[in-house]
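Sharing a structure with you now.
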Amino acid sequence: MLDAIGVGSVQEIFDRQIPEDVRLGRGLRLPAGQTEQDVFAHLSQLAARNTSVEDELSFLGAGMYDHYVPAIVDMLTERSEFLTPYTPYQPEISQGGLQVMFEYQTAISELTGLPASNASTYEGPSAVGAAAYMAKLHNGRSRIVVSAGLHPHTLQTLRTLAHGYGMEVAEVPLVSGSAGGVTDLDAWARAIDGETSAAIFAQPNFYGVVEDAAALSAAAKSPGDGDGPVGAAAPVVIAQADPIALGILASPGECGVDVAVGEGQPLGNRLDFGGPSFGFFAAREQYLRRMPGRIAGETVDVDGRRGFVLTLQTREQHIRREKATSNICTAQALNALAGVVYLSWLGREGIVELGELLLARTHYARERLAALDGVHKLHEQPVVREFALRLDADVAEVRRRCAASGVNPGVDVHALSGREADRGVLLVAITERRSREDIDRLVDTLAAAVAASDQQPAGEAVAA
Amino acid sequence: MSAIDENHLHADPGIDGHHPHHGLSAPPTHGSAASPLQRERARTIFQKGARGRRAFVCPTRDVPAVDAEELLPARFRRGAPARLPEVSEPEIVRHYVGISKRNFDLDSGFYPLGSCTMKHNPRLHERVAALPGHARLHPLQDDEHAQGALELMFNLQQALAEVAGLEHVSLQPSAGSHGELAGVLLTRAYHEDRGETRRKVLTPDTAHGTNPATVTMAGLQVVKLATNADGGIDLDDLRAKADDDVACLMLTNPNTLGLFDPNITEIARIVHGVGATLYYDGANLNAVMGLSRPGDMGFDIVHFNLHKSFTQPHGGGGPGSGPIAVSDRVAPYLPVPVVVREDGSSADAPTFALDYERPKSIGRLRGFHGNYGCFVRSYAYIRSLGADGLKDASEVAVLNANYLLARLRAHPLPGGGTVADYLPLAYGQLCMHEFVLSGGPMKRELKIKTLDLAKRLLDYGFHPPTVYFPLLVEEALMVEPTETETIQTLDAFADAIAAILAEAAEDPEIALSAPYTTPVRRLDEVAAAKRPVIRETLVEATG
Amino acid sequence: MSAIDENHLHADPGIDGHHPHHGLSAPPTHGSAASPLQRERARTIFQKGARGRRAFVCPTRDVPAVDAEELLPARFRRGAPARLPEVSEPEIVRHYVGISKRNFDLDSGFYPLGSCTMKHNPRLHERVAALPGHARLHPLQDDEHAQGALELMFNLQQALAEVAGLEHVSLQPSAGSHGELAGVLLTRAYHEDRGETRRKVLTPDTAHGTNPATVTMAGLQVVKLATNADGGIDLDDLRAKADDDVACLMLTNPNTLGLFDPNITEIARIVHGVGATLYYDGANLNAVMGLSRPGDMGFDIVHFNLHKSFTQPHGGGGPGSGPIAVSDRVAPYLPVPVVVREDGSSADAPTFALDYERPKSIGRLRGFHGNYGCFVRSYAYIRSLGADGLKDASEVAVLNANYLLARLRAHPLPGGGTVADYLPLAYGQLCMHEFVLSGGPMKRELKIKTLDLAKRLLDYGFHPPTVYFPLLVEEALMVEPTETETIQTLDAFADAIAAILAEAAEDPEIALSAPYTTPVRRLDEVAAAKRPVIRETLVEATG
Amino acid sequence: MLDAIGVGSVQEIFDRQIPEDVRLGRGLRLPAGQTEQDVFAHLSQLAARNTSVEDELSFLGAGMYDHYVPAIVDMLTERSEFLTPYTPYQPEISQGGLQVMFEYQTAISELTGLPASNASTYEGPSAVGAAAYMAKLHNGRSRIVVSAGLHPHTLQTLRTLAHGYGMEVAEVPLVSGSAGGVTDLDAWARAIDGETSAAIFAQPNFYGVVEDAAALSAAAKSPGDGDGPVGAAAPVVIAQADPIALGILASPGECGVDVAVGEGQPLGNRLDFGGPSFGFFAAREQYLRRMPGRIAGETVDVDGRRGFVLTLQTREQHIRREKATSNICTAQALNALAGVVYLSWLGREGIVELGELLLARTHYARERLAALDGVHKLHEQPVVREFALRLDADVAEVRRRCAASGVNPGVDVHALSGREADRGVLLVAITERRSREDIDRLVDTLAAAVAASDQQPAGEAVAA
């Protein structure tokens, strides 16, 4: 090979191209290479030091959920033909991937009730950011009104990105008290003005509570008490939705929402300590040419065969460069495949049945837990598969006690959000993997943990 | 009528797909050109199955019945169910196995897609990533119950820092362009913290599209830099444009021409001289691992594409992962969280934590901690190869690219001359891990364009190189073989290129109408964009 | 020269495969008939790679060096290394992924291979079988540390006993024919224990080949029984042959014609009357699960094909598993070990053990405890379906077979008549889970044979039914759709059969020269058997 | 569908065919069906109650070994195209499976040094039985001479089958004492007479000891001290070999063996609590038309393309019925695929390196263990990757003590074989997964366990 190139050594190829002063004159300070069996052993040992949802009875949620991932998802995502190609730049040999995107777009369109879905964005919170950017491109305004019911990670991500976009973020609180927990509709209407580019809420919101999406949309789009906008002046209304809950909730499209985005993990994706998953992104038709990311479209080949291509590419960075509607390139195609396989597996009736099951079990869990001493519902509003409790004891301590019994009772909201108001709040998620028996065990464990913790002043740590 | 039915996006253009009874028309006998895959009509999963069919069996409702209205008032409920597919498990399996066969993939053949580093994906990585301790770990698990994951992330941070020559790493970004966005936001934060508002970002005209797109999204302005005759940055142009309104220069090195910029030290001097930062687009890191480090070249911020240099499978367009490494002066602004070794934890049994206490941080770029599943794979890769193996990988990547370049250059054609007469190297003599040919002479003399060459390569069983990028090369063909290909494959590819040129010399029509053997042939992209059909039309089945 | 080089078995017949530089000749342009797979020349893994290439990295020798002669004297060592392939991991992956595409499989299409019960293989089963607690359990692990496995085996024994209606189960046999061997040896042991040496085993002429082959291997003699006009056992023939030298009657019920023998009770009476045992070949159990039980029919010994009725994937020809269930009188002779619930273990927390203490046992039939990996899958299947699901499966299997039969019968042909005119049902009116057509009229009137029909079906994208079995049906075509196929698939298959008959009426040559679209076309089996080449010729590469 | 059939109900189809007295008038007494997630949970719980080789440091062997199975084996065997078809009856659409068989046959032929390999038999011991049956078909004789060094399961299987074949089995002992452990060559030569159909030994034998295969073959084929056979009268010499050891041991072909069979599990197959794996079966050319099982052969198609078919089918049951050379039908194709993928992964140099590593580590382990108080080498002969020790303590007790420390020191030979002479014998297997560190841990653990057990009279059980 060296002869063909006309060099005496591989070193020479580098010597002739890289100036000596920027060559690394030493070996990398990394461990030596290992055999396959040793790497497997090492990674297994690391895995063993994590407590997965298989190792405890877990009620963690808050954005990612332990739904059962059917075996066909693994089987299909592991097929070389889906696993190892890249973005379908050559459509003639990428019809498999392109058709998957087209099917995925159809499924997301159905779920959200919105006609135009892209083929995936990174994940939930950044998808909200992407939607806000699209709003800016659409109406050129710079104010983002957000409900405080958004996931803290969404709020944080949006703030980071908004700074880049040159937009500012105004937060609308939730109605307080146990009868509250939903976005304060008056404050929302007041906050939205003619300068508002986007108005964003979560459905269900971070505390698990079902928002009145239709009312929030309507309020954003019609004159409020204050100086609310009308018609063309209306902001882009964006909902961050839970795709499993959309199986039974009125769709964003039905509710007048313009853009629905969200975290796709619950749809057949692993927890994976937080990623990779995918963000879905669907909008009304008028936003189509400002959407971020890949979009597959249907067409024909020279012989008249039905086929699919990446379409509307003039939106994208590789064509439009600094004028692109987004900088996204590599997205989450394999995760979106898992999503559409999962949705096909659930099916039209299944997603409704699943939703009804979650409603029923979540209701059961919430009522039983709230009946315990020292445990209270944070709100009374309807929830789908997650709900917040206020404990009369230190949440961290209660969680530690539960963990000792092999139960993870849910998320310590204050630790996640950092908000003072969230002190004492526990967020409990129910999936179809948590049977009544499991819930009963949670009830018993939490009861004991709260009772034990009551004895001590809240907030004082217990030695592990 | 639901919202969806009121628009034009899913009107079936009447091509096909209207529920033919089964996928196959009468198969050919002798002398027909349609391959079995070509005869199959594309039918989506929504066109299969039947009302009421299903795969999922719902667990039984084991809790007391409650009034539906109490559970969820009717006004919050969907009007009609989402019309998801109604199919059995065997139908799902056959459907997706079937359409998978309409994909070309890296496990089936050579994939020299320039700039994308399509190196082999070891299956060990899928095995370890699937271990329940990794795959089924909830991101909000307490640090103390996720020590294995945090240690893995910490080790990966350390390894990436060492490869970059920059000490501080955030694993959070989801892909290369997300890393770029993080990088430009960091640059802004850095300048703003010093009370400066710089507006311009320099990007060479060879830059990948994500660079300028990112700059705009991050609220800054792109200023283009010219390329000199050697394919590097035009230093005069740089000097002219480098002023104190410049926030950053974004550079790929080796750049998208496959060339290492020999003036990199001088470039860094100029950029730092005006107080700007130097950003390294790490898409081409596969050329220099263990050989040359961005940090040592003077870069302040680097992004990695774990799905390129560190062999995360590409998944048909993701997932990827785009960690960043930065210098001391940029470190305070890194996104949260960062994994740290806990103070006071012993060297023997260190403990790790997610650190959110970074007051100057730009904040979060996404939910949770990044694409951990990708970290597992890339970490496994780094442990498998080790220090020497990473260097070997880059050396062989560069050797393979230069060998293929030389083979093409020397490959004689039946009509006389060599491949290089029609597809000359755009710049330089040698290359790093990839090279860019110009199809200009081919277009003029053989009347076929780079696109035609690419389409004809499909018939030869190869994935074509990247085409029409970088933009400054006429009819560009960007070839990146990677280190995991054998000499036999490189030779076969060179033979195929030569054969196509020879065919074209005989009859350009062959390439102009290619491909012939693919599941579908050239597709009408213009029609697709003009009247977009981006979802399936659902015809309610009767009964 | 090694021993291997001295024979003719691996002389390359000079066909192909001599290291062409790459697999593809120039691909077609318009109008060529060769599909991409057809253009690829078959090259074995031994024809790939290069000297010294490898995937495996050996762990370092971490123990003190010892003199080679002390470790293993030279006279025990190999003269030359086995010439295994020398290939990298990417080459292995591409090679086997590549040749996998030259297979048709159940996940890609309809596979109505009669007698083989090609039902869908749920992927859950692969998932649970791969759990380390199952997959990485050593067979000599102590019982107390293998309680999960023993409980699973015990539960499976119980479930199979219930389905068979016979109480005692051995899971040991490796496949159906191994189960048959166990069964005939059990029969011998039973008679011998009573001081009798019976030499004859009755098998109907419809029997599967493994039945007579087994009888011979077990040292007994086959006596054939005639089939009556209804497709059942000819009772007169049976009465004539049933004497006290008969050890056993082996029967499939429904039999290989897909017909349930209505005289089964009488048959059992006759057989038992002469003191012989009645053996049930369980290959067709998929017709009667939860509907009719061999034990209740009077059978003494039953084998199951877990890879048929209980959906173990067929793996290209195994692995399978062939447990047996037997009546009380045969139970003492069952192979060892059998899984038992331990005496004195509590009902709440029972413990299980491998029982070897069976003094009358025929002994072992293989190493260890049987194909446990298959048990896991079939047990998962039984738990998934449950009592009702198994019955449903059989009902739908029978419904599907009858529907397809009816569809074919009624399917009009363009030239007049229906499919049944050319492919009549061999026996009976209805069928159980499969049916056998006769291609006799087709052969006479359309001049194509069942083989040709089968080959043409390949072009239509279907796996053909079983052909030329059972032997007593002229030009037999044995169709078993299974319960996991949809009505759309059955209809499409019926359409394809009709289309082929219509084609043949026009031009028999179409079917006679089929297939056209498969990776290879009809193969020369005679040449293969005449001068067998059963291994690759290895040409030592130079250097 | 019922209309098309012309029946009123599915029940009617059955009623019209199955006599009422043999219909099952009740439901099966089996648990009700479960959802995918519940079956997964149930099977996971069962798995958790097994102690796998991941859960302890295991030195179990005796026929099945914990070699590392590379990830590509799983990936390839799980591909639908290999996993779900059946036997390649239609070669035009089964070239993948047929080529795998052809490659497998080549690899086995190379390993064994014998030209004719079939495409797989069930597993090791039954493959030995199949070889004995082939000998009977070949020479019509009925005496099988076996070395006592065969695996006890092989001996037991052979006895069961020989009864069916109408053959009898004569066992030749091993040389006793620590210098022994190999087949007694004199007794072997004496036992083999003109009526001997087959002479069978194991390489290495059950105790891990390397046999002098060339001497055993020669003795079987040439006049011995007694009335040994010559030439045509010689029996078929059969070796049951360990395929991993064949990487470095003189091949059966080189040693004059006629038929080599063995357990294929060590070649890339899971332990699976004992199966499925595969048995390999290779012979000299003259046995080709009497071999059992499928054989793939090379040929051409009508267009001259290279292709593969099942060949020599006139041997087989579906053609020859009661005259078939074997009754085998479904064999172990997928396991054989794992085998040839594994052998390709190891490669020509790798299998030698692996063998050398095992030799070295096994030697180290044997010497270190035999240096312990109360632990003795059973034999002094060379071993490859397994060896036998005699303990001065009760093996069962020692194993229990080790298990309490997470170490499984190997197989209690007496418990497996039931032979009195095997009392006190522990069989220790070493694979490349057992590092020096692991071996040192075994040494320490066994030392402590034997020392503790020494305190008590051997054979007395300890309450667990």
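A, B, C and D label the chains in the order they appear, each numbered from 1.
Please note the rule applied: a residue touches a chain if its C-beta (ideal position, glycine included) is under 8 Å from a C-beta of that chain, and two chains touch if they have at least 3 such contacts.
What you are looking at is a predicted structure, and each value in this text was computed from that prediction instead of being measured.
> By mean C-alpha position, what chain is farthest away from chain A?
With centres defined by C-alpha atoms, farthest from chain A sits D.
> Looking at A-C and A-B, which pair shares more C-beta contacts?
Answer to which pair has more contacts is A-B.
> If you average the Cα atoms of chain A and of chain C to get two centres, how far apart are those centres in Å?
46
> If you average the CA atoms of chain C and of chain D, how many Å lie between those two points?
21
> From the mean C-alpha coordinate of chain A to that of chain D, what's the distance rounded to whole Å?
Between these chains, centre-to-centre, one finds 50 Å.
> Using the touch definition from the top, which residues of chain A touch two or more other chains?
In chain A, the residues touching two or more other chains are 33, 36-37, 40, 44, 54, 70-72, 74-75, 78-80, 432.
> Enumerate the residues of chain B that touch no fewer than two other chains.
53, 58-59, 89, 93, 97, 101, 107-108, 122-124, 126-127, 487, 513
> Could you pull out which chain D residues touch chain B in their complex?
33, 35-38, 70-72, 74-75, 80
> Can you list the chain D residues touching chain A in their complex?
Going through chain D, the ones touching chain A are 36-37, 40, 44, 54, 68, 70-71, 75, 78-80, 432-433.
> Using the touch rule from the top, collect the residues of chain B that touch chain D in their complex.
Touching chain D: residues 57-59, 93, 97, 122-127 of chain B.
> Flag every residue of chain C that touches chain B in the complex, lowest number first.
21-24, 26-33, 35-36, 48-50, 53, 88-91, 93-94, 97-98, 101, 107-109, 120, 122-123, 459-461, 484-489, 491-492, 495, 499, 503, 510, 513-514, 516-517
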